[in-house]
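Have a look at this one.
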Amino acid sequence: MKYADEFRDKEIALGLAKAIRSEADSQRPYRFMEFCGGHTHAISRYGLEDMLPKNVRMIHGPGCPVCVLPAGRIDMAIRLAERPEVILCIYGDLMRVPGSQGASLLKAKARGGDIRMVYSTVDAIRIAEQNLEREVVFFAIGFETTTPPTAVVIRLAEKKRLGNFTVFCNHVLTPPAMQNILESPDIRNIGRVEIDGFVGPAHVSIVIGTEPYEFCAEEFGRPVVISGFEPLDMMQAILMLVRQVNEHRHQVENQYSRAVTREGNLRAKEEVSDILEPRDQFEWRGLGLVPYSGLKLKRTYARFDAEIRFGMNELRVADNPACECGMILRGVKKPVDCKLFGTVCMPETPMGSCMVSCEGACAAHWTYGRFRDHQQRRAS
Amino acid sequence: MKYADEFRDKEIALGLAKAIRSEADSQRPYRFMEFCGGHTHAISRYGLEDMLPKNVRMIHGPGCPVCVLPAGRIDMAIRLAERPEVILCIYGDLMRVPGSQGASLLKAKARGGDIRMVYSTVDAIRIAEQNLEREVVFFAIGFETTTPPTAVVIRLAEKKRLGNFTVFCNHVLTPPAMQNILESPDIRNIGRVEIDGFVGPAHVSIVIGTEPYEFCAEEFGRPVVISGFEPLDMMQAILMLVRQVNEHRHQVENQYSRAVTREGNLRAKEEVSDILEPRDQFEWRGLGLVPYSGLKLKRTYARFDAEIRFGMNELRVADNPACECGMILRGVKKPVDCKLFGTVCMPETPMGSCMVSCEGACAAHWTYGRFRDHQQRRAS
Amino acid sequence: MCLAIPAEVTRLLPDDTAVVSIDGVSKEISVALIENLAVGDYVIIHVGYALTKIDPEEARRTLELLRELSTEGQGVVQ
Amino acid sequence: MCLAIPAEVTRLLPDDTAVVSIDGVSKEISVALIENLAVGDYVIIHVGYALTKIDPEEARRTLELLRELSTEGQGVVQ
Amino acid sequence: MKAHQRKLDIKNGCIDLSHGSGGRAMSQLISGLFHEAFGNEWLARGNDQSAFDVGGGRMVMTTDGYVVSPLFFPGGNIGSLAVHGTVNDIAMAGARPLYLSASFIIEEGFRFSDLKRIAESIGEAARVAGVYIITGDTKVVERGKADGLYISTAGVGVLTDGLDLSAEKARVGDRVLISGTLGDHGVAIMSKRQNLAFETDVVSDSASLHDLVAEMVAAGRKGIRLMRDPTRGGFAATLNEIAHQSGVGFRLQEETIPVKPAVAAACELLGLDPLYVANEGKLVAIVSPDVAEGVLAAMKAHPLGRDSADVGEAVADDHHFVQMTTSFGGGRIVDWLSGEQLPRIC
Amino acid sequence: MKAHQRKLDIKNGCIDLSHGSGGRAMSQLISGLFHEAFGNEWLARGNDQSAFDVGGGRMVMTTDGYVVSPLFFPGGNIGSLAVHGTVNDIAMAGARPLYLSASFIIEEGFRFSDLKRIAESIGEAARVAGVYIITGDTKVVERGKADGLYISTAGVGVLTDGLDLSAEKARVGDRVLISGTLGDHGVAIMSKRQNLAFETDVVSDSASLHDLVAEMVAAGRKGIRLMRDPTRGGFAATLNEIAHQSGVGFRLQEETIPVKPAVAAACELLGLDPLYVANEGKLVAIVSPDVAEGVLAAMKAHPLGRDSADVGEAVADDHHFVQMTTSFGGGRIVDWLSGEQLPRIC
């Protein structure tokens, strides 16, 4: 795969690893949060942590838009899927996301809900055209990366005058979440854990550009390096962060320049802003209510809004009180600090957002970190 | 089974058989048509022909309301079942009745038609209540016996204000068919085969009484004995016919007096005449168009008439020209006179009405008569 | 052939329905077409409807006649 | 993680669609979000949509830098 | 930290697609539900196949798919049926059934509690029959792509000594024996079909017949030509098949054929003929006339053969007709079933 | 007058309920379509079971249900798959597959022409594998109660000499061999799923592996601990099961694991991992280190093992982790699959 394989070269990686080791000051810790599950995935998929010096520690951020979806929104979708007229179209990732009391869309499907997995928003439109006597609802979810395809099909449904297609909008925005983490009392006041810098999203940034992260550098004094998802991209980004820390800089730098620009994809941004607008607040699993962090359909597109069409009531389900996701997402605690980890909460039966997707911090620790702990125990 | 077992007594039967043998004039033939498939069935089920003298021959009449249904009506029903909104409710007998070119409701079901077997008209109403978003059509068929239950549920649907229930009415009347047979040129003019008397319907007569057969006795000079369906009933009826012939009488006599009266079931007749009325003509497989031999819904119940609701076009399909059903139904030919019998036309692949139901003359000969032929060949 | 069989009424239910019994098999049927039905009556049932009551006296008489005819027949020397 | 991969555009189709190829796998995608696309361009695809064109010059430069950084690292004595 | 899972919620839980996808949910279902119900040393090894020792010689193999509706019926359920049916097909060769395989195709949404009851019935039926379910498979399909649960079982057994029962072996003069009343299973099933619903205390005859067969073989030895269990299509279909395959006809005596009054009544009600209704715990044996009496006596002495009867004989007939002398004294043909046997109005 | 029927209209006809009801339509379907496709002396006898001779000793039995969608895919169809899958489960015990049973559950409306193609594939796959379909069963279910066709096959084979391959036999130090590229079957199937539709020339690897196994056994004898075909859940699920059952861990070397570029690309596209994608013509063998080289050479010499590789070893590990050193140089765990492997956006 061109533009992928070159960035997975082991030899170059070894050199980069040495460069990081030599440039990182062994007298201080470097705590970098990778905001994005894509980076978390690359870390575990390629075993990057093994290649970093001990004092360079990666903190797994809110991960992915799927796992931060709160149980209440899943419950709302399940209620929708229980309506006999509704066909609920979802991305495959959503199947196992837990609602309240062990519910999930997978189980709702087993119990008779007409829930269909789609690969693309275009598939949902096709299903609506083929089932004119039914109500087809697309469960839209995703960061800024996944939002433009939703906007595109809402416009398409309008053009095709499809009366049976609506969108249950759950799109979320990354910069407000980053801000929330930085403003968290645990970090700013209690100060138990510091984040020394951010590895910034790759594909989100393709759409929104690097500019939205400048607040982070400016207001919170944290360096940000936008990084591609290939392992060499990440190692370069880590080296760039080490250098900024060493040089007491806090700028937004762009490692992923082959795909990301400062302004992002203008056409995609316009498509989104034509049709969607921020909600006053949106709930994130683990983070709670975050201001201006979610999107909804604009008033002029209300007829495509499933929440309006079906008079859906907002449901709120309290996270399991023992779940430490909030602390973990903010880098304050580690998965093993959670009493539920590995006993009640496992990939097949996730309790919190960090276990839901394989990119979540707890899931990553389950598949990867347990092994590291184990290696370390064996070594000691 | 009380009122059944007593009428299946072998010892009494042997005595009756002897009585028939002794009373029948061995110098002349007695050719009696049993109009009803129920009698045909009793003949084969109990092996009655073996017990009659050679000169007393039974001719199988139009048999049953299912097998006389013409291919065109089946094609109409198949078209209906192909409509996605329609659930077609049928009696099990209809499944295999052939439409044109090998079509059947069984195959239409296999190809996706939502065709459901019901035991009673009440089941069809229940299905309509459970599927309010669909159109439930009850395929009504049957002689006068089966007509009152259809009338009852049309009234029930009206009472329940069921807007999605209609009836595809194929009810037929027996006296016009008997008249048609008696007026057939083969019998009256060409005179190749004579019918010396009729074994009259059992259960049809429960509803309509014995009175409607009086024309047969009076106008056509043929004796009629209404007979129960148990084997002793039939043997008694045959003896009664032999006596009428011997005594040159032609009256309507009632062997089945435990269930049949001269006027029939008044309530049932009223129920039917409130809701249904005769068609000008109706096609019978094998007999062709027979005047005033079918029923349709009255104008005031038009909203329950599937033919009106769905704008169903009357379809006519010519019977297979080689099929001799018409001649067989009139007693002019026998199944073995048909070139298709046992080669192309068999119970699994019936061509004509006489093979469709197991009570048809050809089907009866297939399951029973082949064996007699065979015994006779062996004996000779 | 208008398949129909005799059955004994064992219970009267609302809405013109009743339970009938045939040799240990019982079934709910419609009696909308029958008047003055009582438990213990025998009816002829067809497609889930009672079509008529059986007249026990007529049945007895028919059976008697059948036996007579049969005995006459048995007596015949052929 | 916004799963997305680089793919080569092999055919432009009407209605803002195109066929892309990834190591012998080809798939029809939407290019409604991209301007001025040509066959031979590489795009990043996500949920069946092209999100951006890859800038080959920037890619070359990044790789060159990676090699340099790596060589610097290799030169380090630890 | 050993990987473990929350227990299956048997009471409230149900099958979803993850239970068929080869992951941990599936392995938990298999070990927590199936193995518990019919666990044995073979299954415990957790292989995709199981090895077993045989004395050598000649074996028989059979399979049947079970798609019965409803899944639970008076006298059994799809699980016990899937054991009995396959054990019987082995037994009909005169073989001793040994090992069974079970392949489950489950519709998503199927309740664990029902699955457990069915699995337990399999285990129980296997124990009673003295056979082992030594290998199995589980697939889960989407809603609307099954009818709750389908089971296919296959089985193997050993033939001890030179017995070769086969459908072509009936000879003119042979006797036709049946092991009891006909139609019980079919009537029990139909009584629970939603659209037919009638009340009866007829229960399915579903049972394993290999022990009865062993007694018959002991009594009849070489005189037994063949045996068949008259399942789908009933006694009539079975006898027509045999007639066809052996090139003979049959002549039956209706009054010797045992049918329960309630079964006869239900058949009259629905317009069916008990000779065409399915049995799951009866057999038809064609035996040479010299051993007929002894075999029949052995059958009657067995609890599953108490109502056994000699119902007719094989006759020379180029047409391979199955004829019957009716209890009324006449004759009729008992033909193949045409199409499905459906309840009728006419 | 011999009872005969109009021929099945293979071109235009389809299954209706009468083809499953035990009457003449069913017998015609079986003799006219199935027997023609995989006819042999056993089926010809028309019994509900078949008897066969075995040399005695030890046998293996297995079953699998096949519910693949779509039924026809690049490189095969449900019929060939139903033979290969069951032959392979026998072969994985080191046994020689002999006889198969086949149970068909068919949805009404299924086209005769498709059924014939599938039956012919079964016949062909059986011939190539040298096995016989000696007994079968056909059930027809109503529309909406299946997905066209399900097949359950069971199979038996003989173990010649004291071979006892089993999942609990892996020992620390053993080598992990795989017989070729991973994920081909799953990707070929997914490429034809309506909602994923992508174009690739990857074809299913579906094949019978017993001959390859025979070569391996000849080369490795007692050094072979166990073999498995990594079907549902792929190589990852298989190795985790073995780890669990043998109480060991595994350490794999990613760069030694063969994956076709197009399979890797399709997996990237869908967010899947080839290690979890199904194979139907590959095996995993755990062998003692002393025979590993010889067995691998034997595998590579066989047409179905050309791309075989030694991909890792069994290690002591109380957690039974399957670890992998990535081609990038790091380490990761290859865990069980959680739930279904679904195409993802994240």
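Some observations on this one:
All chains are identified by letter, namely A, B, C, D, E and F, in their written order; residue positions are counted from 1 within each chain.
Assume a residue touches a chain if its C-beta (ideal position, glycine included) is under 8 Å from a C-beta of that chain, and two chains touch if they have at least 3 such contacts.
A quick note: this is a predicted structure, and the numbers were derived from the prediction, not measured.
Chains making contact with chain B as well as with chain F: E. Over half of the residue numbers at the interface between copies chain E and chain F are found on both sides, making the touching surfaces mostly the same. Interface comparison, B-E versus A-E: the pair with the greater number of contacting C-beta pairs is B-E. In terms of the distance between Cα centroids, chain D is separated most widely from C. Centroids built from CA atoms put chain C at 21 Å from chain B.
Between the Cα centres of chain D and chain E there is a gap of 61 Å. If you average the CA atoms of chain C and of chain E, the two centres end up 37 Å from each other.
Annotation for chain C: residues touching 2 or more other chains are 1-3, 5, 22-23, 46-47.
Within chain E, residues 1, 3, 17-18, 23-25, 261, 264-265, 268, 271, 319, 338-340, 344-346 each touch two or more of the remaining chains.
Annotation for chain A: residues 1, 4, 13-14, 37-38, 64-65, 91, 96, 106, 119, 123, 142, 146, 348, 357, 359, 370 touch two or more other chains. Pairwise, the chains that touch each other are A-D, A-E, A-F, B-C, B-E, B-F, C-E, D-F, E-F. Listed in rising order, the residues of chain F touching chain D in the complex are 197-202, 261-262, 264-266, 268-269, 271, 344-346.
Of all residues in chain B, only 96, 106-107, 109-112, 342, 344, 346, 348-349, 370 touch chain F in the complex they form. Interface of chain A with chain F (complex): residues 1, 4, 8, 10, 13-14, 37-38, 44-51, 64-66, 91-93, 95-96, 106, 116-119, 123, 142, 146, 231, 347-348, 357-359, 366-368, 370-372, 374-375.
Within the complex, the chain E residues that touch chain A are 1, 3, 5-6, 14-18, 23-25, 108-109, 143.
Those residues of chain B that touch chain C in the shared complex are 1-4, 6-7, 11-22, 36-41, 63-65, 91, 119-123, 142-143, 145-146, 148-149, 152, 201-204, 206-207, 229, 232-233, 236, 239, 255, 257-260, 265, 267-268, 271, 357, 359.
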